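Have a look at the structure that comes next, please.
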Amino acid sequence: MYTIRSLGSPTIPSPVPASVFVDDNRRILENPYVVTEGHPSAATPRSLEIAGPRKCIYFEPSKTKAAIVTCGGLSPGINDVIRAVVMELYYGYGVENISGVRYGFQGLIPSYGHPLMDLTPDVVKDFHLAGGSKLGSSRGSQDIGEMVDSLRRLNINLFFCIGGDGTMKAVQLIAGEIERRNLDIAVVGIPKTIDNDLSTIDKTFGFDTAIAEAASVIECAHVESKGAPNGVGLVKIMGRTSGHIAVSAALANNDVNFVLIPESPFDLYGEKGFLAVLEHRLKVSNHAVVIVAEGAGQEHRPPDDAAGRDPSGNIRLFDIGVFLKEEIERYFKEKNVELNLKYIDPSYLIRSVPANASDSIYCMLLGQYAVHAAMAGRTAMVVGLYGGDYVHLPLASVTSRKKVDTEGTLWRATLAGTGQPAEMRNKS
Amino acid sequence: MYTIRSLGSPTIPSPVPASVFVDDNRRILENPYVVTEGHPSAATPRSLEIAGPRKCIYFEPSKTKAAIVTCGGLSPGINDVIRAVVMELYYGYGVENISGVRYGFQGLIPSYGHPLMDLTPDVVKDFHLAGGSKLGSSRGSQDIGEMVDSLRRLNINLFFCIGGDGTMKAVQLIAGEIERRNLDIAVVGIPKTIDNDLSTIDKTFGFDTAIAEAASVIECAHVESKGAPNGVGLVKIMGRTSGHIAVSAALANNDVNFVLIPESPFDLYGEKGFLAVLEHRLKVSNHAVVIVAEGAGQEHRPPDDAAGRDPSGNIRLFDIGVFLKEEIERYFKEKNVELNLKYIDPSYLIRSVPANASDSIYCMLLGQYAVHAAMAGRTAMVVGLYGGDYVHLPLASVTSRKKVDTEGTLWRATLAGTGQPAEMRNKS
Amino acid sequence: MYTIRSLGSPTIPSPVPASVFVDDNRRILENPYVVTEGHPSAATPRSLEIAGPRKCIYFEPSKTKAAIVTCGGLSPGINDVIRAVVMELYYGYGVENISGVRYGFQGLIPSYGHPLMDLTPDVVKDFHLAGGSKLGSSRGSQDIGEMVDSLRRLNINLFFCIGGDGTMKAVQLIAGEIERRNLDIAVVGIPKTIDNDLSTIDKTFGFDTAIAEAASVIECAHVESKGAPNGVGLVKIMGRTSGHIAVSAALANNDVNFVLIPESPFDLYGEKGFLAVLEHRLKVSNHAVVIVAEGAGQEHRPPDDAAGRDPSGNIRLFDIGVFLKEEIERYFKEKNVELNLKYIDPSYLIRSVPANASDSIYCMLLGQYAVHAAMAGRTAMVVGLYGGDYVHLPLASVTSRKKVDTEGTLWRATLAGTGQPAEMRNKS
Amino acid sequence: MYTIRSLGSPTIPSPVPASVFVDDNRRILENPYVVTEGHPSAATPRSLEIAGPRKCIYFEPSKTKAAIVTCGGLSPGINDVIRAVVMELYYGYGVENISGVRYGFQGLIPSYGHPLMDLTPDVVKDFHLAGGSKLGSSRGSQDIGEMVDSLRRLNINLFFCIGGDGTMKAVQLIAGEIERRNLDIAVVGIPKTIDNDLSTIDKTFGFDTAIAEAASVIECAHVESKGAPNGVGLVKIMGRTSGHIAVSAALANNDVNFVLIPESPFDLYGEKGFLAVLEHRLKVSNHAVVIVAEGAGQEHRPPDDAAGRDPSGNIRLFDIGVFLKEEIERYFKEKNVELNLKYIDPSYLIRSVPANASDSIYCMLLGQYAVHAAMAGRTAMVVGLYGGDYVHLPLASVTSRKKVDTEGTLWRATLAGTGQPAEMRNKS
């Protein structure tokens, strides 16, 4: 049935500048499901648990108490997830005792004095209209023991944690401590990273909204670049260790000429370096749009620039946006060529908007699935989309980072769309 | 690795009103890929060809001519697909001879007199900024022989067809005729149906944009319903044979109280009928938002309403929106209850907007993959997303319709979100 | 100072098809203000009271009770006005006792049983985020005596009425009854009509937002018209007695070919009639966008179409949109010419959105000025923008309707923009 | 007719914290028009010429050549003005010879080598869909004589200049040089300044769009400020010498707590200084939104910060945004109080978007009126809106700057909306 006719045997070498071609012998299974008996044995192929409501649950709804916490940076859709968890608990299972923990893990440490927020359907019903987190968030972890003490003192049975990889590491420790103390608390994470850089999950919530916002910003940069002789629109886009937002936004916009990402280091100077390529582009077309992911070009950090770490323990990035702006301006000034560079750093504008329609739906389903898992007694896990299906994944699986594959589809499409050289390095 | 811890054995029967629960023994394979030798044999599990550029191609680019046609109703993203096909042919393969066929299959019938449109990168570069189809479209098929005559006379080698299931049936006939005549023409389809009702494809392009637009319209209906005593906002939404747009838009909006879809027939009258349930809702909440897919409730077509068919051969639907409006108004008038019904039929407003960011990216990739397939000599196929992967599918596979599964996730989430009864029928 | 240099004497007759040219002897005063002593005498030129806070007020804030009511159809910005009235009363004057009357004048008639809504800064702070009216509205007036009874029983001193000309007529009766009973109640109106058809006020709130929405709808019609051979996008736009929204939306959109408004009657048939002109346009350009104000072409009402009146007492309009759709389709069918007409009736979609930025500011100021006027004891008046200044106007002054001046600037710009004939009549 | 009834004499001193109250004796004339005989004499009140088409014109259309130039920074609507000028010249008067000067005044200096752009209706028809300037712009003036040489060599008769006050000064010199040389060239300006700071014009084009964009940005800052404990959203908004955008955007948004503008200097330190007030606000409400116009607080420029000038001759502003960010962070760090400041500098994002609907209409009319004036032989003037009417104003009249009146309506409304102290100074 799924055989595709060919006109003949393809024998002409492809002119497409694709680093990796598709191998005709590698195919995708029509049916990716498997039926196991009980838990899968070593013999059965490795598989994942499918998310959804179970016929039998572990917690007695009327005696169950739930808490929700949001940690780390904002991402579109957090409020949608909170709303969905509350609605499903309340109307789906009849769990009426639900608390919001304020300002991330701080809210579980009594000395901060943040009171809990009662979450009822009436309280959360319009949460999704606003960006950000109605619970507030904070960075960094807190003392694990103290947090578990609080969960116990508050008689929490279901603990929903919305956060990034740092948060999930803390959640693992919390789940471990709960197991050690033998407490009846299910801990379920909903992974959040606007950068979309989790290797085991198809896409993270908020990403779709973020690229739409980023694409609008790039359009402004495009307009500015065409508004002046030798105009350059330079935009810094979120993405600490990966260029996913930069690449997708560039694909969605179509007017970008250069995308610089952490996965593809570049030289500034020299014949094949970025500045020479940019100069050539300006000569031909009079304007250029340059997108730089915040984690790109870290190899250019000046020796005297001290790194340091932020409260979440991340290494502070060297500000590649401002650096590029200054390098480009200096380069053209030295050549005595008029240049009109407009630098745009949209920063928070991309992440603090409300979720768009498809992220809203995604967040609602993630929240519902998290509830189904927790009510069935699953713990130390996250919910996520995997090959188009919602599944349960162990906490550890979401801490590995997904890079933009510089030999893959998206990067190839990006190179095709921008027309930039595959490599801007003098020796490669 | 992918084992999820459980706090204990779930033994409490779930209170969740889900028709079908997840079976723990059914799991999803971690690795859905398979490596075959040559074409798959009967012994190997059924699998699909992965889309993408091949190392060797079938057509010599410099001698290749391509044509693109768009058929059927508009959908957001058509222009993005056209643009991507042209850009990939031109810059990826060096195919410079590309024509746009005007107004669907009419453009291949000389008697209509529609001239071809030359498609170069410069012509198509801003196509994606506008909704609709820059080539124009038309409904209905034309004489297959005449169309193949035209393709031959024009020396077309690659024929890209953007259209729905009616179009794909015609495309199959065209491909068959080409095979019969033994012509060197690859025919590749990019399936388009705003209704998202193709059973073998994860989602159709434009759907994401359409639900965002529909969700905005529903918000207006919600505002209107709250603006007057016993306000009812009634919205008719696209969806001839399936309620996908209606369901997804309701999930994205969160303020909907009733979603009526073709897959879930309903009684109007009687204790459990829609009108009684609506009356009860108004008593409790003073307002209601009702979404009805255009194909819903066709069982209520009055006996004297002649059906007929449109130029594409589809049965003309009975106008359930206007019918419901009148039935609701009559029902409350007879009961002498004040009612303020605001009927909204957004019709074309949902489909003629430009693609949003995620549809733009999707369309670009679909267009590129269609080109890769055609250049490699594949024919009589469509490109599509299957479980998160882009694949080649036979033309026949996209003519079967996907319904909203009334025992599945989305419908369950819809019932949970709206609070409407699972069935509005007097005997069930 | 304000003399403009001319290169010479203009002597060439202008080719511009403007019905009325500017007379160089008519000029606008640099300073439109006048200082009177006490109230203006017959000798002084007629002038208006300027809105704003007075040094002395009439009502003692701590003893003052206020009520707000919203009547008639929705318009963007109603909630902004409510919010501004509450905020200014509360924070500006210290009036803390503020009630919202539910569902228009119904809320003052005990038999309806609509309870009042307490309005505090905390209640209203997010009102402006939603379209519609948070108080609800209704059409039609109620018994004047009963309403004044209620105001008295509730000890209301300040009564703010947001509504259209029908509402203002009722407000006049209420103010008269209050004067007759010698009650200490100030009645201040904020005029609302999305049609922008008040002759003494520069523009009504919500109009700006409405034309932006209408312009988006027209863009969809444009896309549809270009998507099929001989495509016609036909859009019905609000405007019972005037074409202001239709004209402004057409000017904002730039892709409209015909604007049909009540002020410019047209023939359908005959050599110069609309249908012949449309046919010519399609021959030349293959597509057309037609905007018709809902009050246009009422002269075409079929003899057997009974008019009737709506609850507000307005004559029910004959549905010119559907009529035109059918006439156009019949005309081309008889000529055996393919036609693809897409009819769009956006209806409520244009009026139930939240106010845009400039309407938000306008509504805030209108609300503040209404409060200043009422606190100073002014009554039986409305606030409005007059030549760029906020003023007090008598209630009676806002009931006269402003038409689109078919010899004025906007209509001339519309004819220029659309290219339609100044008159589509066979004998003129 | 325009007498407003009062319930009685207002005698209670107003509690409203308004610096200036309305004087009841100052009123606005109902009729601001005057009819003069020929040009106004000294005896007649000062008045302005009304814009619009004249019965007789000065230039013979078929022999007339026109040019358009855009100078200075971008503003929404420039392309709408260009489009309207071309359309009115072409269709209104039959002037077919129209050129676009590239990159501001550079385009009139041969040594730059920028070719002219032919402007026909077909070229400009979609100009309004994009932000920026399709002609490109540049800062700074060029040699007046050389520019007039070019106008003459190109046989230009109508020269339309879109630009700010710097541009209008250059335009005055050009008009003077033209007069000196006795050339038949009409020079008409369309004033552009996104800051809306022209004293004789009601509002400048693009301002409406800019405040809508700014209000969206502020919403993001609001979300961020509520997303973390002691969150501060700090936004820098355009406005070199006036706070018009900052004030209007704050009014449109409603969630702002502090607006800092050039017109209202403030102390940073001390009991009544900004930092102490901010600290108090955070104690009470846990978050704050601060808007700072780029020209505000220049009195805080550190002594070692060298000013310098930009290519247009404007003094380079000290970066108050970054300065405030650092001062606030230091202040709270020294007090050992957790602070989460999110700094947003939207810069170009506010000005490079396309015009919204009301700006589009405004720009179309400005363009048409500029053409009517020039064709009638008027020169050395600009068109503008004055008290709701379109008029001709001398070039000199638009170079005086309008400040935010700190004793006026808008500032009073801003103080009321934000709740910030009228003065944040220690001794005042």
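For the reader, a short list of remarks on this structure follows.
Here the chain labels run A, B, C and D in written order, and each chain numbers its own residues starting at 1.
Definition applied: contacts are C-beta pairs under 8 Å (C-beta built on N, C-alpha and C of every residue); 3 or more make two chains touch, one makes a residue touch a chain.
On a predicted model such as this, the values are computed, not experimentally measured, just so you know.
The set of chains touching chain C and also touching chain D is empty. Listed by label, the chains touching chain A and chain D alike form an empty list. Distance between chain centres (mean CA atoms), chain A to chain C: 46 Å. With each centre defined as the average position of its C-alpha atoms, the distance from chain A to chain B rounds to 28 Å. If you average the CA atoms of chain B and of chain C, the two centres end up 39 Å from each other.
Shown for chain A are the residues that touch two or more other chains, of which there are none. Interchain contacts (touch definition given at top) occur between A-B, A-D, B-C, C-D.
Interface residues of chain C facing chain D in the complex, by the touch rule stated above, are 1-18, 21-22, 24-40, 45-61, 83, 87-88, 91-94, 125, 128, 179, 184-186, 202, 208, 211-212, 215, 248-249, 251-252, 254, 356-358, 360-361, 364-365, 368, 372-373, 375-381, 386-394, 397, 409, 412-413, 416-417, 419.
Against chain D, in their complex, chain A makes its touches with residues 74, 103, 106, 112, 114, 130-134, 136-138, 217, 219-221, 223-224, 226-229, 231, 342-349, 352-353.
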